[in-house]
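Here come two complexes built around subunit A, the first alongside subunit B, the second alongside subunit C.
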Partner chain A sequence: MTLLLTLPALLLLALVFAVPLLRYGWLSFHADSVITGLQPVPNGGANWLRLIEDERFWQDTVQTLRFAGLSVALELLVGLALALLLHHSWRGRTALRTITLLPWALPTAVMALGWRWIFNDPYGPINALVQALGLPALPFLSSPASTWLVVVLADVWKTTPFVALLLLAGLQSIPTDLYEAFALEGGTPAQALRRITLPLLLPYAFLAVLFRLAQALGVFDLVQILTGGGPAGSTETLALYSYLSAMRFLDFGYSATVMLGMFVLLLGLTAVLLLGRRWLAGGRA
Partner chain B sequence: MGLRSTLRYAALALLLVGLISSGVLWAQRRKPVVVTALMPAPFAQVTAPIVERFNRRHPGIELRVNRGPFETEAISDLAISSLLLGDSPYDLLLMDVTWTPKYAAAGWLAPLEPLLGEDALAGVVPGAREGNRFDGHLWRIPLVADMGLLYWRTDLMAAPPRSPDELMATAGALQRAGRVRWGYVWQGRQYEGLSCVFLEVLRGFGGQWLSASGDRVELGSPAGVAAASWLRQLIDQGITPRAVANFAEPEALQSFGAGDAALMRNWPYAWAELQKPGSPVRGKVGVTTMVAAAGGSPAGTQGSWGFSLVSQSPHPREAALVIAALTAPEVQKDLAQRLGYTPTLSALFEDPQLVAANPVLPELRRALEATVLRPLSPLYAQLSDILQRQLSEVITGEREAAEGMERAQRLSNQVLRASGLGAGGGAARS
Partner chain C sequence: MRFRRLAVLLVLLWSLLPLLWQLYTSLRTGSALISPQPGLSGWTLDNYRQILSGDPPFWRFLLNSTVVGLASTALTLLLAIPCAYGLQRQPARTRALLSGALLAAAVFPYVLLFLALLELARRFGLANHLLALSLPYAGLTLPLAVLLLGAAFRDLPPELEESALLEGLNTWQRLRWVLLPLIAPASASTGLLVFLFSWNEYPIALTWISRQELLTLPIAIARIAGSSVYTVPYGAFAAATVLGSLPLLALMVIFQKPIVAGLTQGAVK
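Take a look at the complex of A and B:
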């Protein structure tokens, strides 16, 4: 009976997740490109061998991880600070809550164009400021060393509100009498943060990290518009590579392989996170 | 039933059949064949009055224009998505020159010579005639010509530089004298524009991208390395700002248009922008072909737009009629007069009205005779992507020019070989 009732949901999931995934798996063992006239031709494991030897795939993997790692870490930190600010009632709270949400509501493409202009060298406002201080304009978007940091900044700016909102929900679910009891026992606010707030917030933080990591590992629109993957390929991500392979190069077999490579990566990371969470929970008990 | 009533019924039936069939014919005659064309937003906008006139003159056809995105690659993504699904809503595509081999090889286009004749390109200037044929067929009729140009400031120099060395000397001297902030701006962002910039310089140093046989990339040649290191030197010597590594056309135009640069590489559209009232450099700009070293020839990368017929179109005949009408002399003249678009028909370059309206037209004609085509290959997007990435590494100082170009050549030849289009076995230099 239980199975019967969950069947519609299972079917839907299969249709939305399993079917495309299986199709990708099948495609990854075929040559299907403009050269084959867009017809799938079985080619054994050639796509996978190419993936393993493809320097660009590995460089993009490192760059994708680097981007996702730093931006999610920063989002968690800034998000936590924002959530704490928004949790306690003070005069400017309502205004701040509204302002905080604004970046989240903006379309990524619009925001990316905005950042491209803000960091324009030498006419953008940031460089205007730099030059007003008597310093030479900085090549924010034209140096492989700094451009990925601008992409991280843009991502943090946009998605921190999402993390803050999730953490705020967590904060509001912590009963206030816990804090009152703790204060009566002589605990300081700093101790309360460490002993009560952070441990009880952990499940929410975990959820936020999981969501954000999945999104950040698949980042596409922000990079595509802000840098196009350059300079020197330094901001290209796996999603961008997969998109280029399919839509520009018309190489669908290899594009599917890159996508699956990314999927395996995501699975691995999620497993590590789950294990880490269990370990953290075990350590507390 | 008597004979008379039978006849009466028969007459009535005949009358009914006649009425119905004439009604059907009438309805069909009244219902025009719909031809849909996908164009980038700016083209869709400027051709609106032309489309309206076409529809007035051809009651049997209803031409509808689908307004696509602004950016070249975004249009291609949209077209490809619809073509992949197998039921394209478009009969006609306004295409960039680099798409033709890829789309033709994918089977998305219909050859045009059966519908428009073998001599459909007879009146087209040489610089816009190439890039429309591939694999023995005609796939595209050019509407607007486009080629790389060197813009120079007539108030800062008596004549434009003609060689790479002269460009550096002239620009550097102007900078040292404090007359201009930057010497030369171009498109250095890692995107298609960088390949276009490089191809001109490569030709200027006497090199070529793809071998004449089409199966070998030759970027690692001495000319290829010289071209890449010249671009790098421009930045190292401060003639070109380092920020050029994120410059597309608008950024270069912004710098040159503000009077901050002595020279600029851009397409013909920039001319009209620079001559707008209020432009700080209005009346101070000249246009010429790209510089060339001894042993090379000045060249402008060809970048035209033209119409192609989608092979899935149910109305190829009507769509071909639309192509002929939209690329007709009066349409091209109208676009040139109203908007300064460069025509593709030879005769229009001598049209006195057009020459009067656009004083650089003779210069554009000369530039069109020296255009260089990007490799006509279904794998072009991949080859260009490899080149852009390696060039970006060279101009941002991540890699030396020789190493970068050797790498670009090796990776490109790998792609060609893997797809069976490369030189066989040991014949390929890599």
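Take a look at the complex of A and C:
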């Protein structure tokens, strides 16, 4: 009887999550593009063979991993510092928490454009500063070496508050008498951070990394609006590639294959994370 | 102490400067953005006038996003509350299995789903219907919503429901008159997170809606940027950013506590 109460929600969940993935599995074994008149025609494993030989797919995989790796690492580091700062009790804490959370609350699409203007060459404020120092304006968004770093910066700016909040919840769950006992035995604050705070924070950090890594691998809005994947495809991610395959090249079969390729990558990384956590937990026990 | 003050200052600058720069840009004339202007000249409200007198006027997008946000929030809560309650009444094995699946779905990068969802929308004629967007939005936010509300139900003392049962209240009555008021705070947190998600969602709104007067805010703003091939009209765009951010600013200032509670509950439970 009570199982019935869960049914409407579970049905919608199946429709939104399971049906698409099954559909991609089916589509990835079909040619469905302008060439076939947008009708699905079975093509054996041609899409998958193409995927394996597709340099653009592999380049995008590397670029996606590069983006996700650096962003999540920075978010974890800055987020930890921010969480420690927010954890201390003082008068302005609530206000500071609201303000730090603002970047997270605003639509990615909105600030993606904001960053484009901030790093504009030569009129943006960053380049105004650069020029005020007597240097020539820098082509932040038209050089492959720097553009992906701007994308990382924009992502770190937006999602660090979220990571900080998760870590803050972890900090607040640590009983204060642990620290008192540690101090009584002559431990310094730096040792307390390493021996008490960080180990107890691990489950929260793990959850934050899992969530952020999955989202960063699927980065789409930010890249589509900030760089469009450019310059010269240097910031194109897998999600953008599959989007372009479907919406610009009208190749639905291949787009579905790219998405499944990304899904496999995601599963692999999650497995590595889970194994890593088990190893870390085992190392402590 | 001095170090902490410096750190706070840095955090404030980091969080606010990009936003303040948008505000500044929105109040400057196009030429003032490109070359320095003497004295007090170069300030203008034209950017705001321009987007508010556009076709459709900018407030239309704000309205669209609000409508989608409210509808999605209502639909999500309507489905998630009974589901979370039902889930708590299942045997431990079933519950653990379903919770695991919900966590996986909550973490899943949903942009992957856009193509199949678009196909569904076309098959069932849902494209270019504003309210239809709340179907995928509810589906995508349900995992988190059910997990948060499930934790809230689990925190209630079991005697509460037992005594309500003894009073002869049926499932619906217990849920409506005893449990629902008690999980109101969790429902508020969840609802706010769903609203924020719907307000900010990009890939699905981008592919489902093409009619100009039905665009949600993020898509409308991205279109302003794409409207000119060579230069982005930054003044008008910044004005749009400011207007589009104000409702969220208000939401964050008023509801900071429940939003933070919602975000962190998920991690603590």
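By definition in this document, the second predicted complex is superposed on the first by the 267 of 285 C-alpha atoms of A that agree within 3 Å, B and C clash if a C-alpha of one lies under 4 Å from a C-alpha of the other, contacts with A are read in each partner's own complex, and residues count from 1 in each chain.
In this text, a contact is a pair of C-beta atoms (placed from the backbone, for glycine too) under 8 Å apart; a residue touches a chain by one contact, two chains touch by 3 or more.
Owing to the predicted nature of the structure, the values given are computational and were not obtained by experimental measurement.
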Contacts of A:143 with subunit B and subunit C, given as first, second, both or neither: first
Partner chain in contact with A:123 - subunit B first, subunit C second, else both or neither: both
Subunit B versus subunit C as contact partner of A:207, first or second or both or neither: second
Subunit C versus subunit B, contacts on subunit A by residue: C
Partner chain in contact with A:1 - subunit B first, subunit C second, else both or neither: second
Partner chain in contact with A:17 - subunit B first, subunit C second, else both or neither: second
Partner chain(s) touched by A:232 [first = subunit B, second = subunit C, both, neither]: first
First (subunit B), second (subunit C), both or neither touched by A:259: second
Touched partner set for A:38, first subunit B, second subunit C, both or neither: first
First (subunit B), second (subunit C), both or neither touched by A:244: first
Overlap of the subunit B and subunit C footprints on subunit A, listed as residue numbers: 120, 123, 247
Contact footprint of subunit A on subunit B as seen in their complex: 73, 76-77, 80-81, 84, 102, 105-107, 188-191, 241-246, 251, 254, 378-379, 381-382, 385, 388-389, 392-393, 395-396, 398-399, 418-421
Residues of subunit A defined as touching subunit B within the complex: 33-35, 37-38, 50, 120-123, 137, 139, 141-144, 147, 227-233, 244, 247-251
In the complex, subunit A residues that touch subunit C: 1-6, 8-10, 12-13, 15-17, 19-21, 23-24, 81-82, 85, 88, 92, 94, 96-103, 105-118, 120, 123, 125, 157, 161-162, 165-166, 168-170, 173, 204, 207-208, 210-211, 214-215, 217-218, 220-221, 225, 239, 242-243, 246-247, 252, 255-256, 259, 262-263, 266
Partner subunit A, residues of subunit C touching it in the complex: 4, 7-8, 11-12, 14-16, 18-19, 21-22, 25, 33-34, 79-80, 82-83, 85-87, 89-90, 98, 105-117, 119-120, 135-136, 138-140, 142-143, 146, 171, 196, 199-200, 202-203, 207, 217-219, 221-222, 225, 232, 234, 237-238, 241, 244-245, 248-249, 251-253, 256, 259-260, 263-264, 267-268
